[in-house]
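In what comes next, subunit A is part of two complexes: it sits with subunit B in the first one and with subunit C in the second one.
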Partner chain A sequence: MGASYTAVGWNRQKKNYDWLIAVFCLGYLGIFISITLLFNEQATFETLLLRSTSTLAILLLHVILAIGPLCRINTKFLPLLYNRRHLGVTMFSLALVHGCFGIFQFHALGNTNAVVSLFSSNTNYNSLAAFPFQALGFFALLIFFLMAITSHDFWLHNLSPKVWKTLHMFVYLGYLLVILHVMLGVIQFEKNPLFVLILSIGSCTLVVLHLTAAFKEKKLDDRLFALQQNGFVYVCNSDEIEDSRAKIFCIDKERIAVYRHENKLYAIHNVCKHQGGPLGEGKILDGCITCPWHGYQYLPQNGQSPPPFKEKVNTYNLKVIKNKVWLNPVPLAEGTERPGVTIM
Partner chain B sequence: MIKGLRSRHRQIWMVWAILLPAGILLAWLAIPDQQPIRLLQSPVISPLPEIVQSGSLPDYSINLRSNRTRSEWQLEWFNKKVLQVPSAVVYQVNNKNGSFNPVNAKLIGRIEAQGDYWFPVPMDSSINKPLNLVLYDFIHNKIIDSIQLKQK
Partner chain C sequence: MIMKQNNDFYIGWMDKAPASYSRHIKKVIILLACLVLIAALILSLQQRKFSTASFEFGQLTEITGTYQQAPVPAVKVKTDQDVFGNSTYLTIPLVGYGKFGAEGIISSLEKEHNTPLNGKEVVLKGTLLYSDGKTLLQVDKNDNPLVSINKPLLKTLTTRQDLGFVEVKGEIIDPKCYFGVMKPGHGKPHRDCAIRCIEGGMDPVFYVRNDKGEANYYLIAGADGRKINDQLKDYIAEPVSLKAKAVQIDDWTVLYLDGNTSIKRLGGLSWFKQQDNSISCSPR
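After this line comes the complex of A and B, so read on.
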């Protein structure tokens, strides 16, 4: 959380995260190159560079895409989400090395412009086996480039979270293009079924994780609240909510987090203003509701970020009658002060 | 995340659950059967007994071989160094001094790595004269070397 522009708001967690990424990447590259040279002494520098960076980028892409659903399924994975964008930029950098070197190696040494050559040297668009797979990789790289350059919070604020999120959902298209780039490219020459198996396992894992998380969320969204009284909906008993934690309810279209703090209940909109993180899955730290994704904070009584920050979320009316919690799903204006409801 | 965005994620992955396996399967089925590599040079060829003509350059030495009845002819090519070009083919030309055009020349074989090569040479009356050879880089359309063999 920052009140002014800084390139990277470094803290201990971010440094540890980045060290881990660097050690993992260097370790992977070292092991990949050593094993390749062990089994194929004739492997050239070009081959080693192209293959080591591409396989690492694909591995990181799978990890990146798995983090989101894993966090929805189990909150223990949340630390991985905290600095996921650095992982994304690392993945893009590796893909860029692979892409640029590939273009240089296969297209830059001829008479035609390298990018023109990329699209004109193979035009077998009607053949699967001879499909111009490099074009698929080029477009995937373009998507990752747009994501990498807009990954900073500066762009998130300027584009608005909705536009930013929509733009970053193109990663799924990028992933599909990468899979087809590999399958219609190297797999057509390296016929070992092990490569197809590894790629299939990776894709299936992602599909299963995303659908499992999606249907878990859908169950929460589809829950019906039948008992209504003067616009208030019965949601749960007060003792079902742990202290400094929340329960999330989806009434009509939006999710609302009901927090318990120092024997009082507060209701705020569940969606963080930063990147849409689930505020109800966070906890109260230093008297503030803290988003589990990136640590954005809001005061429970008015949904405002503590000064000098300016983010605000909607608050909601609550009442407790005989230990039963009743919630009015009509949102109050963002930042509206509501005193907590005391639990009897 | 808002409900609309959650639904969009779900819809995308439901479509991807079909597209990803289908794409992988189709691409796998599209892998072409391996074509046998046909070399210009027969791998089991053995040198004929008599050297009829020969020549030498710093990077190669060349012999024209035949059997006793002169019914078979063979070009023997010793490649002393690795070639510095991606492609090199040997052509037989009729006129040593005339301009070279691959269309009018007779292709004998392809030279690749360092080593020894034997190419069958079709029976021809010109074989009684000194053989003119051109080593040609057909990617860059460039003559690498030319040599005229001498009678033994």
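After this line comes the complex of A and C, so read on.
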């Protein structure tokens, strides 16, 4: 959390996660290179390096992009989300090897600077068939580079969560550029329908997962709250909220989490200050609301992270009348103390 | 009113994940392992076969033969005698280091030895590249490539046969990459490199595959025999049609193009065709 930073805060789950990334990556590279050499004795080191790293990076990119919506559809996928940034940095490292080696292989040792050559060799920017696909890969790599170097919480804190999240949403543009890089590049040479099919399945899976997650959340967001009294909105009955858990309500386009803790109710803004995680899907641990994404914590009575941490979220006024929970959707300033409302 | 507490909550910094999460993630890991295995197998097995071209990287070879400046810098090497007792020759075009043609280094060698090399018997040291019956030699200044200049014992005659005007469909390639340095050394993934090589003075070659899958290779020159590398840039490494005067010079055929009006682009986007017929030969 936001008090101080270490390069990587290792814990058992992160170590396991990183071991699995290493095993999967080395396994993929080993199989790809061995099988290629087994059936293509003439394969060159350069091409093996370019192809093994690029295909693995694309595979990882699909896994990375699938984790978000999978977690929104089923929270049992959350362990995959916990250390996703390491997966992202691994993907970038592989793409960097592919990109740097590709620039050297295809552009170095010539009559012009290699990076200048990247943009000036093939200048058919007005033709889809002849489009200089390497430039697309370069810009995708640039996006992944910016994401990788800002992946640490230090940058999240210093850039502000909004700017950081916006920057990291560019991963979708990066993905689009990668797909175009492949479709207008190597697939124009290989012309193998299976490669097109694999890439299409990957893209369609991502689209379906994102749409499914969006529809699930839209259903929650579209709920109408008809009963209103003096600015308070009836949201649910108190016995609908489990102990140490919350229900999320979307009123006036803002999501609010109503928590139940030790027979009292508390309302706070649903969006975690860390990476925008859904606080209402978390749980109260050690008296703190705990975000399900990365474990950031907030005190239910004031929306403040326990000292020495400094994150704060908005709190809201609540009241309970005859087992009915009424919520005032006007946010109080971040960190405003509000005593819990006792359930009768 | 006390409700039953749901303890099933995952948080990354805890030592152990709840059992239900562990079970689920184990299944996901097995699924991902299968995905990795299948992806690696399919992607590696479905690649196009690599060419048998060779680049003898790190291995220097000396060749002895007559240096000729045109149509491209090359050394004509005596290989054997035919059944009639006539000498047979192999023309080995020269290429420079990196993405450069050989003209620069030949010119500097001529200055260094203060003598033109054209028509002289030379012993050159360099790195061989070969594929499909064609051989090239990379000459690099760092290898001290000119071993000796000898007076030719016998004048080697050039056989020259006019083949008339032809229209051929194929791909303009840079010979250094195609005949050994890179795999693939042609097609879209290699286009930028081929452009850089040809802009660097490498003599372009036209690659044509006939209906039986057999390949033919032609040297390309302007109508007056001069280099036209700068006019080819937009047509390199994609299917094109060439109209040109073809002349057989020893063991290479040279296509003499009359400007870029003789070149027509044939390709479009194509993701599914396994065999690209647009580079098959079509003599006029």
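Side notes on the structure shown:
Following the convention adopted for this analysis, the second predicted complex is superposed on the first by the 343 of 344 C-alpha atoms of A that agree within 3 Å, B and C clash if a C-alpha of one lies under 4 Å from a C-alpha of the other, contacts with A are read in each partner's own complex, and residues count from 1 in each chain.
What we mean here is this: a contact is a pair of C-beta atoms (placed from the backbone, for glycine too) under 8 Å apart; a residue touches a chain by one contact, two chains touch by 3 or more.
The structure presented is a predicted model; accordingly, all values stated were derived computationally and were not measured.
On the superposed subunit A, the two partners subunit B and subunit C do not both fit; they clash. Look at A:228: by the touch rule set out above, it reaches neither subunit B nor subunit C. Of the two partner chains placed by the overlay, subunit B and subunit C both lie in contact with A:187.
Of the two partner chains, subunit C is the only one that A:40 touches; subunit B does not reach it. By the touch criterion defined above, A:113 reaches neither subunit B nor subunit C.
Judged by the touch definition given at the top, the superposed model places A:80 against subunit C, while subunit B stays out of reach.
After overlaying the two complexes on the shared chain, residue contacts for A:132 are found with subunit C alone; subunit B is out of touch. By the touch criterion stated above, A:196 is placed in contact with subunit B and with subunit C alike. More residues of subunit A lie in touch with C than with the remaining chain of the pair subunit B and subunit C. In the superposition on chain A, contact is made by A:217 with subunit B only, not with subunit C.
With both structures placed on the common chain, the touch criterion links A:158 to neither subunit B nor subunit C. Once the two structures sit on top of each other via chain A, subunit B runs into subunit C at 80-88, and not at any other stretch of 26-34, 80-88 or 188-196. According to the touch criterion, the shared surface of subunit A, contacted by subunit B in one complex and subunit C in the other, consists of residues 128-129, 183-184, 187-188, 191, 196. Within the complex formed with subunit A, the subunit B residues making contact are 1-3, 5-6, 8-10, 12-14, 16-17, 19-21, 23-24, 26-28, 30-32, 34.
Per the touch definition, subunit C reaches subunit A in the complex via residues 1-6, 9-17, 20-21, 24-25, 28-29, 32-33, 35-37, 39-53, 97-100, 182-184, 187-193, 195-197, 199-201, 234, 238, 265, 267-274, 276. Subunit A meets subunit C in the complex at residues 11-14, 20, 24, 27-28, 31-33, 35-36, 39-40, 42-44, 46-47, 51, 55, 59, 63, 75-80, 82-83, 105-112, 117-118, 121-124, 128-130, 132-134, 183-196, 198, 238-239, 241-245, 260, 263, 282-283, 285, 290, 292, 294-295, 343. On the subunit A side of its complex with subunit B, the touching residues are 128-129, 165, 169, 172, 175-176, 179-180, 183-184, 187-188, 191, 196, 199-200, 203-204, 207, 210-211, 214-215, 217-218, 221, 250, 253-255, 271, 276-278.
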